Structures are given as C-alpha cells and as structure tokens.
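The two complexes that follow have chain A in common; it is paired with chain B in the first and with chain C in the second.
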Partner chain A sequence: MTPLIFTLKIKPQFSLDVSELTPDKLAKKNKTQIKSLKLNYGKKKVPVTDLFTITGNDSENVQILRSCDKLVCVGQGISHGTIEVKGNVGDLVGQHMKGGHITVNGNAGSWVGNGMSGGRIDITGNVEHHVGAGKPGDAFGMTEGFINIKGSAGDRVGDRMRRGIITIHGKAGDFCGSRMHAGTILVLDKAGRNVGTGMRRGTIILSKQPKHIVATFKSNGNLKMQFLRLLFTQFVAMGKEFTKFKNFDPEVHRFSGDLARNGKGEILILQTLNLKK
Partner chain B sequence: MLIKLSGGTVYDPVHGINGEQRDIYIRDGQITRRPAATVDIDKTYDLKGKVIMAGAIDMHTHIGGGKVNIARMMLPEDHRQDLVSRTPLTRSGCGHAAPSTLTAGYRYVEMGYTACFEPAMLPANARQAHMEMADTPIVDKGAYAMLGSDDFFLRMLAAKKDQEAIADYVGWIINATQALAIKVVNPGGISAFKFNQRKLDLDEKNEYYGTTPRDIIKCLAQAVNELGVPHPLHVHGCNLGVPGNVQTTLDTINSVEGLPLHLTHTQFHSYGTEGDRQFSSGAAEIAEAVNANPNISIDVGQVLFGQTVTASGDTMRQYAGHWHAHPKKWVLMDIECDAGCGVVPFKYRDKNFVNALQWAIGLELFLLVNDPWRIFLTTDHPNGAPFTSYPHLIRLLMDRSFRNDMLSTINKDAAASSVLGSIDREYSLYDIAIMTRAAPARSLGLKNRGHLGSGSIADITVYNNVKNREKMFEKPLYVFKDGELVAKNGKIVKVTTGGTHVLKPEYDKSIERSLKSYFDKYQTIKLGNFKIDDDEIVEHGNGHIIVQPCT
Partner chain C sequence: MKINGVTIDDTFAEAFPMKATRIIITAMTLKWAYRAANALRGFASSVIACGCEADIERELKPSETPDGRPGISLMIFAMSMKDLEKQIPMRVGQSIMTAPTSACYSGLDSEVQIPMGKHLRYFGDGYQISKKINGRRFWRIPVMHGEFICEDTTGVTNAIGGGNFLVLGKTSRQVLTACEAAVEEIKKVPGVITAFPGGIVGSGSKVGSKYDFLSASTNEAYCPTLKGQVKSDLGDDIGSVMEIVIDGIDEKSISEATRVGVLAACSFGSRKGIYRISAGNYGGNLGPHHFHLRKILK
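Let's turn to the complex of A and B:
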C-alpha cells in the first residue's frame, strides 16, 4: 500500500475546492471511481484527472503535491486518516474536521480549523486570519482538537473558540483569543494589540509581554502555576518543536479578564522561558 | 407579435375548462381570441400532450420587508449552504429558507409562479418592503398593509370613534403604503406584548387601550368591506401555535357575523388538547366551520420537514416560541412602537410528535375543506417551509399512495392520532389550478390574472404531463410572463421586471388633518415622508404600478 498521491498539474486561476479528496470520501472507492470525481473549480465542475495526476492506492493516507494557494477546503470534514500537503494552500484547511491529521508543508490562508471538533492540524509556514475561529452565524469556533502553527498567524486567532489548543510558534496578530469561550492558545513570539478582548473563559499563554493589554484585564501579579508543568509535559510529547519546554519554571504574570464579560479567562505571560530562536 | 400555443390541454377554472384541448393566442402580452385565418402567426409552440394553466399566484409569502431582511442577516449559514452562481442572464444569489430578492424571483418563475404577495408590510416599513419587492425580478408583486396593533388605530378604537373615521384611516393607509389589502396580526397582541401581556385571547382586554382582539377584527373587517377592498381582511389570529387554539379560531370565524374574512396559515391555528400529550388535531372542526361559512376563506401554511426560519410580525407568539430556536439564536424587534417582528430559526423534524402532527394537520385541512375556491396552497414561506417545496406539497395532495408512504415514515404516535390515513381524497389538476391560480386571483380582485380568457394578461405556465406531480410542477416546460417566454425547462431564459398590484380606495381626505397632528407629535417622520409616491415604485424602471379596481 502506497499513499494516494495527487500531484497538481495545472496552474489554477480560480479557487479549486479539494474537499472531495479526503480519506473519508475516497474510502471504498476504486481507481476508476476516483478518476471520475469532479471538483469545483471556479464556477465549473472539472474532472479530477484534468487537474491532478494520481498515483498510489492507500486512501487512508492522502498526499497533495505541488499545491498552491488556490486550493481551498483541504481536508474538509475528515474524521480519520492523514492528509499531507506539499506547498501552500488557501482558506479553510481542516474545516469542520472531526479527527485525523492534516499536515501542510507551506503557508495557509484564513479560517484554518474553522469549526473543527477533533484531530490535529500542523502547518509549517505562516497562516492568515481567523485560525480556529467560527464563521459569522456559527455559535462557536473550534470545539476540540489541536492546531500547531510553526510560523506566524494573522488576526483573531481562536475567535469564539470553545475548546481545544492552538499553538503559534511565531507572531500572532491583533485580537488574539478574542471572545473566547474556553480553550488554550499559546503564542511563542509577540502578540498584537487587544489580546483576549471579550474572552469569557480560557487561557492565553504569551511568552512576551504585549505592548498593550485591554483595560478590562486585571493584573494578579506573578504566580507559579503548577498546572503549566502538566500542560507543557503534554506539549513535549506532541512534537520536537516543544522540547524547549522540558523542565521549565512555571512562573507567570497573570491577568484575569475580560472583566466586561465575566472575567474567568486569563492571560499568562511566561517569565522565565528562555526561548532559543 | 402573435404567438400561438397549439393543442395543449387547458385547465382554466374561471371559464370551467377542465382539461380540454384548446389553442391559445397571445398578442402584445395579452391573450386574444382566435385571429382571422388570414393573419400570420409569428411563432407557434406545439404543445400536444402538455398541460396549460395560468401563471400561479402565491398569495401569502414573506419575500420582502424588515423581518425577511433580519432573517437574512441572522442566518449567514443558510446563505453559505445554498449558493447560486451568476449566469449570463441572471445574477448571483443565495439562501434556502430566506433567499435573496433576486434568487426568490428567479426560483418562483422557474416553478411557474408569476405573482407573489407579501402579506405583512408594516406601514412604517413599507418603503423598505417595496424596495425589496422591486428587486424581486420577473414576478408581479403586491403587499398587504399590517394594522391592528398600531397606536393611532388603537387610540381611535379606544375612543370609540365612529366606523367611518376608522374606514378613512384604513383607506388612507392603503393609499399611503401602496398596499393591496389589509392584514391584522395577532389583533392588538403585538401592542399588548409591550404592556407585558404574554397572552391575549379573543376577548381579553389590552391593558392599556382596553380593546379586545374581537373588537379589532370586527372593526377592520367592516372597514375593509366598506372601502370595497376585494380581498377580505387577512387575519393571522390570536394564540398561534397554542394547543387548544381551535376554539379561538372558531370564535374568530363567528366574530365577524357574516362579513368576509380570510384566515391565514390556519394550520397553526387548528390545535386541540386531546390525547396523552395534550396536543391533537382540530382540522376537522375548522374544516367543518369553513365548509359551513361561505364568507370564510383560508390558506393553510403547510409545514414540511427540514430547516427553515420563522419570520412573523407576531412578537408575542415568536417570543413564546424562541425556546425552540434551531440554531440557537433569535431576534425580537419593536418597529416604531407601531408593530413588531420576531425571527426564530426552526427545524421541523418528522420524528418529533408535534412537528409530525403539524404536518398531518395541514394536509387534513387541505383534504377536508370541500371547496378549493376557498382554500389556498401556501407554506407561509418561510415559516412552514420554503416556497421551493410547493411541488412536493402538490404531490402530497394529488397522490394518495405517496401521501400514505410519507405518513408511514413520520412519528408513529402522530400518525396514529391523525385521520389523514383514512382520507381518500386526491386533488385533480383542475383543483390545483383553482387553488393556485383562479381562487387567489379572485380573492385578491385581480381581474385579468389567474385565467386564460381573452383580454387576460398572458401569464401562462405549460407543464409536461408527468405522472410524478412533484417533477411536473418543479420544472415547467414554458413560463410566459406578460406574453414573453421567461423560463424554459425550469431555467430562466429572459429577465423582465414585474409590476406592483395596488389599490386606490376612496376615503375622506380630511383624516389627514388629525393624522398630521399625530405624526408631528409622536412619529419619527413627517406625514408627507410617510406616504409612498407612485414615482418611488416606478423609479429607475424597476417596475410599474397596476391599479386594481375596488368592488
């Protein structure tokens, strides 16, 4: 069994919806059935063979090669299996995913993990806005799962997220963790303005003191929070990039808020983590 | 240009034509008599074996006005899931339960409808409603002005002003808002809600004004009758959705003492309290009363299963229903202290006892009311179901075995407590032509619509005669609007603009004197700005006005 590989052979001009190319939807399909699939390309439906060359046979492990930022809805709604993408991707990676593992070796667009309820997304490059957020009209953002971004993220990371973990190894934009219901966000470089605005519960962990904290957050002083040891032990098990968290001192400066909602959220600013770039 | 529709099977209930093979001639947008043999025919459509009816008319569908817009804004997910691409002819749009104006117009025409009427236009919101309807392409439009909970009217009623003055006010409202009829929603209940009353029976007094819904219905029905408005008072009665409201509905029928009355979405007003769950069908009693009272007409407001959104002016009952919102969000609004609206998204489930019984009650009403001239096919779009489900509903009415198959899939207790399974009646194509064309046109006073006689406007729908009636009514072969072919095989082939049906009843203009001082004192806009000019509707070539005569 070799992974099912889709290699993009055109240079897309319009957005190309690849939500059909997931382990869930390709399972139990033979090669001819897969070849007869049609994808939404711009306003048209185009046969998958016109867009990709297909090799391999293991639908549980899907690979998309030579991808570009016109590919949208990668891994939409998957519940098992893995998807690996080489190259950049567009918006809505892992939208509504329930399980499984998506890896993007490149940059991604907005709405990564929109409404996801399980599974893991790894992105090696940068992402745009609304990581793990909920679309307008949705009650919540992500409700479970793990999003790991090795680059930087845009604005509104984890907007209205309900549960789950988002880790950003680079910078985060403005309004990081805005309107959070619960969950955990970790930012290992600078975060932008208005961190945690309107958050109800949940934890935002920053490694650097932001320039600006919203007035409705209250400083609780420096604390040693032992639960962070447990949390970071878990992180260390999640991947190599977290090894710097081994045996670290859990001293943080804690802010509680947003007091305009009900103040049960917290922003923790790590005091002693020696970050090696 | 002379067009001949040759050899089709014609259903034209106004002229008593029941499935006869006839030729129809169209000249300059109107149906004409057979021309002399020497006259050249420009285009002939060979329609042997096809079914020809007048363009369908939906007389109760929420397609414009404030609440529909709120529903659109509140449900982006409804729009995301149902996208319509632009074509060379039509513009893009979206929306399943609350489609955009353009999409609504296209979908109506693709289904063979050529006119639809917005039943709840608040006078304060009339301009917005007309703008939205102007944006609804191809179909003819019209709206019913909503009275009954507005302060000026309730003050008049409380002060026991004479009936003539009230009729003048009603006439003024119809003129000022470019309406076609008058609707009353939960008579006085929207006002009572603001005085913290959470229920209002037919004989319960409004705490502030001291008026009862019975007074309001009686007074307005009389005013509408005196003004010569062809469509009787359009009543959304008290206690919508409350188990046991069948008695309220029967009392409402009796309250007008023989005056014409139209009861709308009656399905929601036909609930009894029998059985273990204190919820049962009252359709038989309502149907009996409708059969016995020739002054009463009803439309059903059929519930069909799936996700939709309920948008109603009935603030009181929408507030009571907001606990059942799916997805969990809702809006309740006051509008200029004169009325209100509530928008609650809702999902009707076939395995839910109450929803399944609602579905059965609607069908029971359809099948137990004998006279198709007095019962109209509606789902109260989007409250019972989106209008796109009409073909499915028609199949349920025309195909008994299909109906019984569906009945066997719904909640078992609900199916057992309904008499639907024992009803053998099946609607014929002639009955469908009555209830979707001839009867609404007659009820609304549209003289040259809803039939295929000479001189009538050439709004014509041609169907393939398919055994599966859902397929048949989903995609008509041809749809003509004002004599132009606008849709073919369920696809738009030409986009035109429809007109707006209005009424210009006579009234004593001196009512404006008291209205002016009232507006200056209480309203947010001046009297002059409140009135909608003809030019505003005709503006930018987006429509024209069709004045219907009073009786």
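Let's turn to the complex of A and C:
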C-alpha cells in the first residue's frame, strides 16, 4: 500500500475546496470512483482529474503535493487517518475535525481547527488569524484536540475555545486566548496586546512578558506549579520539537482573570527559562 | 515432593475474583512519594475488615511517571467495583492529597473506570480546574502547598485475591527470615502485591468462628500452641507457621509469585529450620482459582 497522492497540476485562480479528499470520504472508494469525484473550484464543480494527478492507493494516508493558498477546507471533518500537505494551504484546515492527523508543510490561512473536536494538526509554517477559534455564530471554538504551529500565528488565537491545546512556537498576534471557555494555549515567543481578554477559564502560557496585560487580570505572584511539570512532561511525548521540555520545571508569574467576566482563567508567564535562546 | 529438604504439600491455594486498580503517586522527592503511599496502604491488609487490600507494587523512575517526578506504583484490590469506588477517593483524599507536593494518577489503562479526582475535586470548593491532556483528564485542586494534581478516574480490571502459601518451620525467627526472603523475591514480579504488614501474615485465619459476630477467626489447625488440643495439621517438629498472601492481576502473575516465593523460602532448607510448605484452601468450594503448589513448582 502506498499513500494516496494528489499532485496539483494547475495554478488555481479561485478557492479550491478539497474537503472531499479525506480518509473518511475516500475510504472504500476504488480508483475509478476517486477519479470521478468533483471538487468545488470557484463557483464550479470540476472533476478532480482536471486539477490533480492521482497516484497510490492507501486512502488512510492521503498526501496533497504542490499545494498553494487557494486550497481550502483541507481535512474537513476527518475522524481517522492522516493527511499530509506539501506547500501552503488556505483557510479552514481541519475544520470540524474529529480525529486523525493533519500535517501542513507550509503556511496556512485563518480558522485552522475551527470546530475541531479531536485529532492533531501540525503546521510547520505560519498561520493567519483565528486558530482554534469559533466562527461568528458558533457556541465555541475547538472543543478537543491538539494544534501545533511551528511558526507564528495571527490574532485571536483560541478565541472562545472550549478545550484542547494550541502550541505556537513563534509569535502570537493580539487578543490571544480572548473569550476562552477553557483549554490551554502555549506561546513560545512574544504575544500581542490584550492577551486573554474576556477569558472565563483556561490557561495561556507565555514565554515572554507581554507589553501589557489588561487591567482586569490580578497578579498572583511568582509560583512553581506542579501542573506545568505534568503538562510539559506530557508534551515531551508529543514530538521531537517538544524534547526541550524534558525535566522542565519552570517558575511562572501567574495572573488570574478575566475578572470582568468573573473569570477563573490564568495567564502564566515563564520566568525561569527562555526556551527560544 | 521436596526442595532442599523442605516438603512441599500436595495441596493448593484457593483464590477468589477481585477488582483491582493501579495508581501512581508522585512527589517532589521519592521520600514523600513513599510517605503518601505508605499512608494509603495503611490499614489495607485484608478485605475482611479494611475494605480493600493495598500495597506498593514498585518504585517508578521519573521517566516512568506522568509528571516526570519520582513515583510509586501502588495496587489496590477490593471484592467489588462498589467497594473500590468507595475506597479510592477516601484513601487518595486522606492519604495522598494531604501529603505535601504529592500528585496521583491512574496507572491502569482500562475501559472500565472509577472516579478518583472526579470526587476529590470538590475539595477545591469551586476553585478547582480541569485539564485534558492527551485524552486524559486531570484535576488541579488548589491546596496550601500549591496544587494537588489528581487524574479524574482510574482504570479497573478483574483480578485475583487470596493466592497464598504457608511456611512451616522450627522457630519463629527461622520462619520469619525465610518469609522475608520470599517477599523480596515476590516484589520483583510485576502485577502482584502482598498486602499484609511486610507481606507476611502472622495470624492466618479460617472462615467463620464459634462466635456469630465474627466472619473469620484463628486457624487453629496451624497454631503450634494448640497441637494436641485440636485436630492439628502440624507435626511435632513445627514450632511456627507464617503465611504469605498474594493478590495479583491474573493467574499467571500469582503462579509466578508463588513459585519464586516458595523457592526463596526453600533456599534456607531443612537444615535452617524450614520443614514444610503448604497452602490455605477451603476444599475448593470458596474460590474458582486453584494454585496447586506441586504443579507450579514442577
């Protein structure tokens, strides 16, 4: 069995919805059935063979090659299997994902992990806004799962997220963790303004002191927290990029809030070690 | 059958089904993990009156624990899920949570789960925080030393309790020395515990009593001081009997623990006052698991 590979053979001018190319939807389809699929391209439905060359046969392991930022809805709703993308992708990676693993070797657009309830997304590059956040009208952002971004992220990371973990190895934009219901966000470089604004519960861990923290957060002083030892030890098992957390037992400055929302959330600023050195 | 001059009785240990869980206790230092574990396993020698049987299974390296700190693996056995559900939050709450810097995690991956932190979280009086990491839910309970971390639930498995063998010898000192050596060997077998103090029972019991209010009473057939007074199982040469009771995850682990334990006791031989190895049973009517000594030692 070799991975089922879709190699993009055009330069898309419009958004290309690849939500059909998931292990869930390709399961039990033979090559003829796969070739007869049609994808939303702009306002039209276009045969997949006009857009991609298809090789391989293992629908549990899907690869999309020569991708570009016009490809949207990568891995929408997947519950098992893996999707690996080589190149950049557009918005809504892993939207409504329930399980499985999506890897994007490139940059991604906004709304990564929107409505996600399980599984793991790895992005090696940067992402735009609203990672793990809920769309307007959604009750919550992501409710479970793990999003790992090796680059930087835009604004509103984890807005209204309900549960799950987001790690950002680079910078995060403004309003990181705004209106969080619960969950954990880790930012290993600078975070923008208004971190955690309106959060009710949840944990935001920053490796650098942000320029300002909103007035409705209360300082709890410097602490060593057992929970972080547990969290970082668990991270070590999640991939090579987390081995730096082995035996990591940091002191943090804890802020609790957002008190304007009777919040029981926390912002933890690592004090003892700057991992980016 | 004789091993090193020690007679192995042609008999069997009779064991019964139990439910078991394994928990992992960590702390800032191994010393404090031990203190917490010892507190939990205190008064947990027999289900007859303690509600459960518990003992330390082994020490864990920091690399083996969920939070990377030194830890202890501890097993707890009870007669039913209901008993276990009652004992776990009570013992973890009073013995682990109260020990400074301690944390408590599930050490058994199983579909069947019973509450642990799920009940204890209320100690946080509304300030408790739940965290789900890698599919496992943990509770962060604010306490005076910082935070007490406790996993939401712990796994339960079917298990076997009451595996046993008796060491019969000339004097208490000789039998105790042989039993200590046996327990040391049994500790090396994974998935088993010897819940009695030091792993050795000095007052083995029989089921029932002449008194209505007692469910267990002294096993007079093996009491050296009653030789001649009752129908005794002891010869003239036997001056002391001690029992090693083994609870385990499965028949295989109990058999292996019995084997290494008996061999260790027999290594002292008849020249050092160890004369017989026997086992406790109730004629095969009480428990479905029978551990035949000669078969195990073959």
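Convention: the second predicted complex is superposed on the first by the 274 of 277 C-alpha atoms of A that agree within 3 Å, B and C clash if a C-alpha of one lies under 4 Å from a C-alpha of the other, contacts with A are read in each partner's own complex, and residues count from 1 in each chain.
Convention: contacts are C-beta pairs under 8 Å (C-beta built on N, C-alpha and C of every residue); 3 or more make two chains touch, one makes a residue touch a chain.
Quantities reported herein were computed from a predicted structural model and do not represent experimental measurements.
Chemist: Here chain A is shared; do chain B and chain C fit on it together or clash?
Modeler: Fit: chain B and chain C sit side by side once superposed on chain A.
Chemist: Could you look at A:A182 and tell me whether it touches chain B, chain C, both or neither (first, second, both, neither)?
Modeler: It touches chain C, and chain B stays clear.
Chemist: For A:K43, using the defined touch cut-off, is the partner it touches chain B, chain C, both, or neither? Pick first, second, both or neither.
Modeler: The answer is first: A:K43 touches chain B but not chain C.
Chemist: Considering only the touch criterion stated at the top, classify A:R163 as touching first (chain B), second (chain C), both, or neither.
Modeler: After superposition on chain A, A:R163 lies in contact with chain C alone.
Chemist: With the two structures laid over each other on chain A, which partner does A:F227 touch: chain B (first), chain C (second), both, or neither?
Modeler: Touch status of A:F227: second partner only.
Chemist: Applying the document's definition of touch, where does A:E144 land relative to chain B and chain C: first, second, both, or neither?
Modeler: Touch partner of A:E144: chain C, not chain B.
Chemist: If you stack the two complexes on chain A, which partner ends up touching A:K135: first (chain B), second (chain C), both, or neither?
Modeler: After superposition on chain A, A:K135 lies in contact with chain B alone.
Chemist: In the superposed arrangement, does A:C68 touch chain B (first), chain C (second), both or neither?
Modeler: Once the two structures are laid over each other on A, A:C68 reaches no partner at all.
Chemist: Going by the contact rule stated at the top, is it chain B or chain C that touches a larger number of residues on chain A?
Modeler: Looking at chain A, the partner in contact with more of its residues is C.
Chemist: Rounding in steps of 10 degrees, give the angle chain B-chain A-chain C taken between C-alpha centres.
Modeler: So the angle at the centre of chain A is 110 degrees.
Chemist: How far apart, in whole Å, are the nearest Cα atoms of chain B and chain C in the superposition?
Modeler: Scanning every C-alpha pair, the shortest chain B to chain C distance is 24 Å.
Chemist: Of the residues on chain A, which ones does chain B touch that chain C also touches?
Modeler: none
Chemist: Using the touch rule from the top, collect the residues of chain B that touch chain A in their complex.
Modeler: Residue positions touching the partner: 74-77, 80, 85-86, 327-329.
Chemist: Touching residues of chain A toward chain B in the complex: what are they?
Modeler: Residue positions touching the partner: 43, 135-139.
Chemist: Which chain A residues qualify as touching chain C in the complex?
Modeler: Chain A residues touching chain C: 144, 163-165, 182, 184, 201, 203, 223-227, 229-234, 236-238, 246-247, 264.
Chemist: Please output the residues of chain C touching chain A within their complex, sorted ascending.
Modeler: 62, 65-69, 101, 103, 127, 129-134, 138, 140, 146-149
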